[in-house]
Amino acid sequence: MPWQTQDFAATSGPTWPRESPLALGVRRILRKPSSRVAFFVLGVIVLVGLLAPLVAPYNPAAQPDIVGLKDLPPSLAHPFGTDPYSRDVLSRVIFGARVSLMIGVLATIVSLTVGVAYGAIAGYAGGVLDAVMMRVLDAFLSIPRLLLLIGVLVAWPRLSIGALVLFLGLTGWFGLSRIVRGQVLALKHAEFVTAAQALGASRRRILWRHLLPNLVSPIVVAATLGVAHVIVLEAGLSYLGIGVPQPLASWGNIIQDGADQVATLWWMSLFPGLFMVLTVMTLNILAEALSDAYERR
Amino acid sequence: MAAMRYARLLCALVVCGCVGTESPSANNTGGTLAISTGGDPDVLIPSLVQSVQGAQITDMIYDRLADIGDSLNIVNDKGFTPRLADHWTWSADSLSIAFHINQKAKWHDGLPVRSSDVRFTIASTKDSALGSPAAPLISSIDSVSTPDSATAVYWFHARSPQQFYDAVYQLPIIPEHVWKNIPPAGWRASDAAKNPVGSGQYRFVRWIPRAAVELVADTTNYRGAPKFSRLIWSIAPDFSTALTRFLSGETDFLEQLRPENLAEVAKHPELRTKQNHALQYQFTQFNLRDPANHARPHPIFGNRELRRALTMATDRATLVRSVFDTLALSALGPTVRAYPTTDPNLPQIPFDLPRARQILDSLGWRVTTSDSVRSRNGRPLEFTLSVPSSSKVRVQLAVLLQEQLRQAGVKVNVEQLDFPVLVEKMRKRAFDASIGQWNTQPSPGAVRGSWGTAGSRATSGNNYGSYENPVFDAYVDSALSSFEPATRKAYFTKAYETIIQDAPAIWLAEPIQTVGYHSRLQLATMRPDAWWAHIPEWWIPADKRIPRDNAPPSATPAPALPAGQKTP
Amino acid sequence: MTAPLLSIRDLRTWFYTEAGVARAVDGVSFDIGSGETLGIVGESGCGKSVTALSILRLIQPPGRIEQGSVIEFEGKDLVTLGDDEIRDIRGNRISMIFQEPMSALNPVFMVGDQVAEVARVHARVSRKDAWDRAVEMLALTGIPDAEARARQYPHQLSGGMRQRVLIAMALMMKPALVIADEPTTALDVTIQAQILDLLVDLQKKIGTAILMITHDLGVIAETASRVIVMYAGEVVEQAEVDELFAKPHHPYTEGLMHSMPHIGHDQERLNVIPGTVPAPTEWPAGCRFRERCPYSWDLCDREHPPLYQIGSGHVSRCHLAIEPGRRNHPHPPLVVKAGVAAA
Amino acid sequence: MLRYIAQRLAQAAVIVAIVAAITFALIHLAPGDPFSAVMDNPNVSETVRQTLRAQYGLDRPLPEQFVRYVSSLAHGELGWSFSHERPVREVLGRALPNTLLLMGVALVGSFTLGILIALIQVARRGSVTDQVLSGLSLFFFSMPDFWLAILALLTFTYWLPIFPVGGAVDPVMHEYLGLGGRLVDRLRHLALPALTLTVLASAAVARYQRAALLDVLPADYIRTARLKGLTEREILRRHALRNALLPIISLVGLSFPALLTGAFFVEKIFAWPGMGYAVVNAIGTRDYPLVVGGVIIGSIMVTLGSLLSDLLYALADPRLRSH
């Protein structure tokens, strides 16, 4: 008979992507027009932040005329108006992009590092250690992040920006580490891990070479959302006066500068806020597209 | 005295009119005065009050023995009008004054006011366990004796032109029976602090923290009933909200308008503004001593020439115009123009940036690094300027100053602190520089505490910058001990000239208080030290009343003692 | 056979996906008579389920029934029927039984309610009446203590019970046609037979026609009178059951029969047809089975085979009909090489 | 079921205990005297400071301090608020009902609104309406809480003055209104903060609910429902929503921290005298016991919220109910 016998399992084995998950994600999401727009907008904002000194029409700290140019509503010369110190709000927003984005990215890196390490250890170790680590995580998760940060920042008044980044990062890894733990738990008994163990690979090597690459997609999604979250948090804390130290301009700080006179200086709240919403929105769109892309894989 | 009695008679008639059959339009009592304010009172105990809201409210609830006149004449007792004391007599050597308590004066709980209450007020304020900020202000009073229940005798350490003022102005009288069993440390937290009992024309109804304080007319007051039957302080979380409530008609009065609000108020035809020359001045205070070690001079501000250079580098006129527009004048020195003893033409250190740079260069502070901050022996010319975060005006001044001094090569780090934290830091002399403001008293003698050597050495003294110059002290002392106005003014001028040239501070602004009020209010005069002093005489015509004026009196609390009950 | 109950002509159901147009059902025609049991057999992905869903117009976007397709049922063209009218037919005149009795039942409602819902929708009866009818129907499907069972949730029932519930639901309105899509695949072998018996039994009682869709020729043998073999969106062979089993014509049918498990033979692995159905977005131009076929020759590459008449009521879409001699010279299928390369 | 409840309760208790440990660490890791902010407060007399030291055993070894701290927490003792001159428990106790009112209204409002929006979107999936609503919910979802609150304040109290600015009641008139008047007064003041919080939360709910519905729609039982001849609306309302509601119940628990955070900013900006307002003001006055008290109460609220939603979930899902 011409019919050949074939093994079912052969067709259902794991298929490995030939490109890195990150590149795959980016390629996938760029297929959607909405994420292309988001990618572009975010790119422009990041670029504007990076090139702030070249892009900003004025020196963000200069007070050219504290009597004649203060509190000006938006005009052609000052599209976003001026603040009570005659500084150009547009230039401050542009320089603020730098600070806000930098804090968002750096704090997220801290979160990712801690979150992945914690989750991977808990998931890989299992047993009592895992149980204890998870209960501690539950406790951290049940403290609203803003409240926790308020508690910390009130106890440590007048923090440097580096310390602020650290605290923002250290309060942002709880959710991610839970995902990582779940993934590690699911993967650690996968055949390829068993195979690696059988081949005598060390624990660290298994974690690093075999498990971590499989965590890329949740990490990328969490990172994207994390940056968005930190930007909003930082702005909120700055608005409450315990965030980025003045006179550094962050988006939250600019709003705080005008908060006392919202009614008369509305442009100081409106424009930085719009930039913030735009940034956060694009990040959310991209995160959504990324998680869609990875899900479809 | 005669005038006083006449006034009381009039008040009594008005009260009769109220209960009688006359039509309501014929009288001018009743109605509600709603005051917009941007902060909660700190406490409602006169000897502990530090906030302006607290002062306004306690001044309504509590009475002094006598009150200062609108001209703020503080010399002897000529300018004073009777309050709890219906008359007083000086001893022959003028070292004691016997106050006779008005026999009709009663606490709001029904008990009569006695001389022992007066003695208790002074004694408790002097008790260090209470920590009253008023304690240094009554240091000239030795003690109070009570020969009988109606007579309180103040004993003074020395004869001075303003000893009467010291005795009556600083402290309203508080009831001994309410406070005597509470240890001083527990006063703030006590129930009594939350339900103050006074003898003033308004009695306390309620205090909803961060929302409202409400007082009602004490209709049986010994001075007669006040005109407004209710006073409500509507406490907003911030200035913006306070302003909005005023503009929307939710309140009738706002005590401090900013220049940028004037246009908005002008858009409301029913609203009015009025200027009041309040006794305030603002300044950048330097700490002349090293914050780390008080025995040493400050590494930067210890140098008089440097301080003068910083003053020269500051364009004060522009600064004041930027922050206050027309609602402030440049400050002259540690004084205000409202004092008759102040010469408005005091010579000043002029704004001269090139000269300031020259001086700094000559002092060895040179620009060496690329960031254009001066330094000397590797130490940058950099300092921290602390401001209370609650005061936007001072924050604004600080940020503007930061930029102006940057142009002279000086790096200023602005630090916003919460008010109590800042005060504590200054009290400990643990600061570099700060933007300060004194709301001074009717007497220019207050400078002794805020800029004199005495105020520098004493731990509770207000001379936080530790400016000490015996020449200045001597001129102030001479001024205060002379009874002759011209001599007083001459000595004060010498004193001010000395301190201005020493530049322990950059004198910034003398704000002009601008109040906003609804045109339905009929205001009496406003005293510079306390615009609220005459609130009991403000009134509202019957035809201009709105629903809130006719609120039922149901919320008036019953007196603690049933009417008519006599106490032993 | 007089006027058929359901008559499908040139049914084309295409899916407009990102990867291209998937022609899942591509020109299918067949009839079902009243009370008849027609079997449709084929591998997964051959279009049989889509055909079934097309009949009830349950194709979700991006799928679409192409113009020119005709599904005539009781004198109405279901393709062009209005939404309200087609809803009136669903569950009432035509109903369907699915493969996964667990997922086909809503986990958050009592099964009795789910059965009763059909009556509520179509018979406009009171809640109480609908419930009673549901319980009655459940009892009819052989569920013991139906009243109590009706008050249970799907997860509390066994697989066989759930399938009975689905059958009860399908037969509630005594429809003219029941489409059974792999009704027994998810069940234990012992239960499978019971369920099939039940279906046949109920069919006799109610007189409904059944369209039995399955990949299992055994099921067909047991229930159907006529059978259609589908491959790559097309009908490739159609015959009476006995005829088909006795004389399968299409190589694909032949392959299917070969892969049937034979009771008594202890086989570790099933013989399956090598390769897989090509992607529906890119059907080959000629014969769609060519790559997997051991007999194919150049004609199969060139020409898409029509349905050849093989015998009475027996048609086959294979060029072997015109060159039967080639059946004696099989060659290894082309696809194997490609399959190795892909792995 | 009972066992499950007991298990979850025990878990919640453990979480609260760990939260206590975290806050304790927070206090002690802070630079200087743990109560330095309080201790430095010039308005606090030395006597009070000493009482405080004794009360918390601040001069004792750390383990003993921790035991004292936990036992005082267990007795509902949260310390002394210096800016209010009252026990923290009393300050927060007074503020909590206002916060709960705000959060409750926003919770009900946002879930109603969010689910409604999601239903409309899913019923017309792919349409312009769906896309516009998706865009809008993403827009509001991306909005920082405090910024939306500022804009709402700006728009509806300054530019279009239709709502009163700040507070829970009219500070001047409230005490003098009749019962009906008071109710109207309260509602007028509640409207804007509650609306703001509702809009903020409903964006998240709509996004979540839309995804949940879309997850459910391909399910076989939805096809079954279609097969029965149900209309799309009936299917959405009866079958899809009912199933998509299960994840919504857990979303209620998940939304608690976000809602609380939102409430903090909304309370601050609208001067709503709730817990958030008290704690945010305590930042300014460095009233550390009040801040820490807020952290603890907030965490307990969140823990209770998730506990409650888990129990509700178990009740609503027949698959879990029977166990």
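A few points about this structure:
Letters A, B, C and D mark the chains as written, and numbering starts fresh at 1 in each.
In this text, a residue touches a chain if its C-beta (ideal position, glycine included) is under 8 Å from a C-beta of that chain, and two chains touch if they have at least 3 such contacts.
What you see is a predicted model, and the numbers here were worked out from it, not measured in a lab.
Looking at contact counts per chain pair, the maximum sits at A-D. Distance from each chain's C-alpha mean to the overall C-alpha mean is smallest for D.
Our note on geometry: chain B versus chain C, Cα centroid distance of 92 Å, whole angstroms. Inter-chain centre distance (chain A to chain B, centres taken as mean C-alpha positions): 49 Å.
Taking each chain's centre as the mean of its C-alpha atoms, chain A lies 23 Å from chain D.
Shared interface positions of chain A, defined as residues touching 2 or more other chains, are 241, 259, 262-263. Among the residues of chain B, those in touch with two or more other chains are 244, 389.
Residue positions of chain C touching 2 or more other chains: there are none. Touching chain D in their complex are the following residues of chain C: 56, 58, 60-61, 87-92, 95-96, 98, 100, 103-109, 114, 117-118, 121-122, 153, 155-156, 166, 169.
Against chain D, the residues of chain A that register as touching in their complex are 135-136, 138-140, 142-148, 150-152, 154-157, 228, 232, 235-236, 239-242, 255, 259, 262-263, 266, 269-270, 273, 276-277, 280-281, 284-285. Put simply, chain B touches chain D in their complex at residues 32, 34, 42-43, 129-131, 183-185, 188-189, 193, 206, 208-212, 214, 232, 234-237, 241, 244-245, 248, 250-251, 389-390, 418, 420-421, 423-424, 427, 547-548, 551-552, 554-555. Taken together, the chain A residues at the contact with chain B in this complex read 61-63, 66-67, 70-71, 84-86, 158, 241, 246-247, 259-264.
On the chain B side of its complex with chain A, the touching residues are 238-240, 243-244, 260-261, 264, 318-319, 321-322, 389, 392, 396, 399-400, 402-403, 414-416.
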